[in-house]
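Below are two complexes that have chain A in common, paired first with chain B and then with chain C.
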Partner chain A sequence: MTSFRRELHLVGTMADLARIGAFIEEACAQAHIDPAARFDLMMAVDEACSNIFEHAYNGLAGEVTLRFETRGRDVVITVRDHGRAFDPDGVPPPDMALPLEERPIGGLGLHLMRQLMDDISFTFSPEHGNILVMAKHGVAPVDPPTPTTGRRRSPARPKP
Partner chain B sequence: MNLDISLYSIAIVVVRDRIDAFNAPELRSRLDQLLAEGITRFVLDLSDVPFLDSAGMAVLVNLLKRARSAEGDVRLVWPKREETQRILRLTKFDRVFKIAETQAAALKGF
Partner chain C sequence: MEISTVDMKRCTLFRLSGRIDGSVAPELGSQLRAVTDAGKYKIVVNMRDVTYASSACLRELIGAWKTCRRWNRGDLRLAEINPNVDKVLDLTGLKNQFMIFPTEAEAVGSF
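Here is the complex of A and B:
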């Protein structure tokens, strides 16, 4: 099974969100990720990094490492930072039943990440900082074409 | 001569960049300026917006709240990019904002 991995390491701020989006878009294209899923991955990573720059680093420049990889047919994205510990349980979920104009602004980013990705986990340790792992299932090709041939293969039949 | 003349100020704001947490404050500041000038009706044309995150959405909701509290309203023009449209539906923006296919259609409602 061919796997694919790309990493981006930067010391950045919100001004780097477009660059981060371009990195995910390019990795998706290179890994032949299902086009319908690419935007979801870009969006989830954008929201994750916005939260890091705003809350973990309080708007100051901070170190972020992004890893984009395929594991079988899944895309797994790992985002690491060394800012303030993030506690997802401390973020109240937006009350989606309330009319939008009555909802408090905020909390939507984390909600979107959970909506767009299949698995999401946050861990923090003083040694390694915040580690966010997000996965989206079944969006990578079964057997990516090799760069030498560029040959596309038919997708495998979905598992029952 | 018996004349009945009404003048309405409607701001048509065409956004052509991604709206993310970096540039959302700039958009908000420009919209705040318009509100401060007394404009309460807005058409935000998002047709060329390739990407919109929750910070951008917060700007739109904030504008809607403030415009409506001043008896105004906000109409949107759908982004051309299908994925961006899907995010607006996922967050139920299409139930709160009137979203039109074109600027002309958005203006018709006012």
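Here is the complex of A and C:
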């Protein structure tokens, strides 16, 4: 069941990352997301969009659609773009055992996304482009605000 | 993001503030390179007022760190990192790679 949903659609560049961060922070506040999880959500989305603008659109302006929603106590964030197809298997995770001098610099963004979120999946189709779905479990309130008014609902809940 | 630099006797001090994401991290990189290109390889970066540091910020710090440490000619050390930056450094395995000091004075004094 989807209880809360916000969308942001933009044609943007790296310069829009702060605006995207503000969108996530605002959605977290409206949905009363656990404050301890808000930074993780904001950062995961920032890293995802940064990769899109840098790699999928190669630094040029491109279309991105973000959806922030709660499903039960989970937050699910979907990020769509129509840039170059992204293959996560082509980005090896950073080898933490290596001394920093020998470590390649890339791959940190994807690594952080995986660390900050519980589930993460990438799909690509020529028709729909890249679709990234990230979820974080147990961070939305049991009784979320309604999507339109932001007020908390107070349904009569059966006692267990 | 705002950057101020102070040339000190022992090192160059960078004080960073604000949000350092992929749109502004290249500017941080170019200011760090300007210092190392001038032959100064002892750098302290005070991150007390950094509200957000993305992987793009880390890449610039790592790049400068590598340049400074080449041939044991210097180092890039961090000071006054806040909990959010601390978390990002931890998740990326960088916390034990950078020398990190609780105060700017201690970081500057370490050179």
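Note that in this section the second predicted complex is superposed on the first by the 140 of 160 C-alpha atoms of A that agree within 3 Å, B and C clash if a C-alpha of one lies under 4 Å from a C-alpha of the other, contacts with A are read in each partner's own complex, and residues count from 1 in each chain.
By our rule, a contact is a pair of C-beta atoms (placed from the backbone, for glycine too) under 8 Å apart; a residue touches a chain by one contact, two chains touch by 3 or more.
No experiment lies behind these values; they were computed from the predicted model shown.
Asker: Between chain B and chain C, positioned on chain A by superposition, is the outcome a clash or a fit?
Answerer: clash
Asker: Quick check on the superposed pair: does A:122 touch chain B, chain C, both, or neither? Answer first, second, both or neither.
Answerer: neither
Asker: Does the superposition put A:4 against chain B (first), chain C (second), both, or neither?
Answerer: neither
Asker: Examine A:18 and indicate which partner it touches, taking first as chain B and second as chain C; both and neither are also allowed.
Answerer: In the superposition, A:18 contacts both chain B and chain C.
Asker: I'd like to know which partner A:39 touches here: chain B for first, chain C for second, both or neither.
Answerer: both
Asker: A:47 contacts which: chain B (first), chain C (second), both, neither?
Answerer: Both chain B and chain C are touched by A:47.
Asker: Which chain A residues are contacted by chain C in one complex and by chain B in the other?
Answerer: Dual-contact residues (chain A): 13-15, 17-18, 21, 39, 42-43, 46-47, 50, 53-54, 96, 99-101, 105-106, 108-109, 112, 115.
Asker: Show me the residue ranges of chain A that touch chain C in the complex, using the header's touch definition.
Answerer: 13-18, 21, 39, 42-43, 46-47, 50, 53-54, 94, 96, 99-101, 105-106, 108-109, 111-112, 115-116
Asker: Please give the residue numbers of chain C that touch chain A in the complex, ascending.
Answerer: 19, 21-23, 52, 54-56, 58-59, 62-63, 65-66, 69, 84, 87-88, 91-94, 97
Asker: Can you tell me which positions in chain B touch chain A when the two form their complex?
Answerer: Residues in contact with chain A: 18, 20-22, 51, 53-55, 57-58, 61-62, 64-65, 68, 83-84, 86-87, 90-93, 95-96.
Asker: Under the stated contact criterion, what part of chain A meets chain B in this complex?
Answerer: My answer: residues 13-15, 17-18, 21, 36, 38-40, 42-43, 46-47, 50, 53-54, 96, 99-101, 103, 105-106, 108-109, 112, 115.
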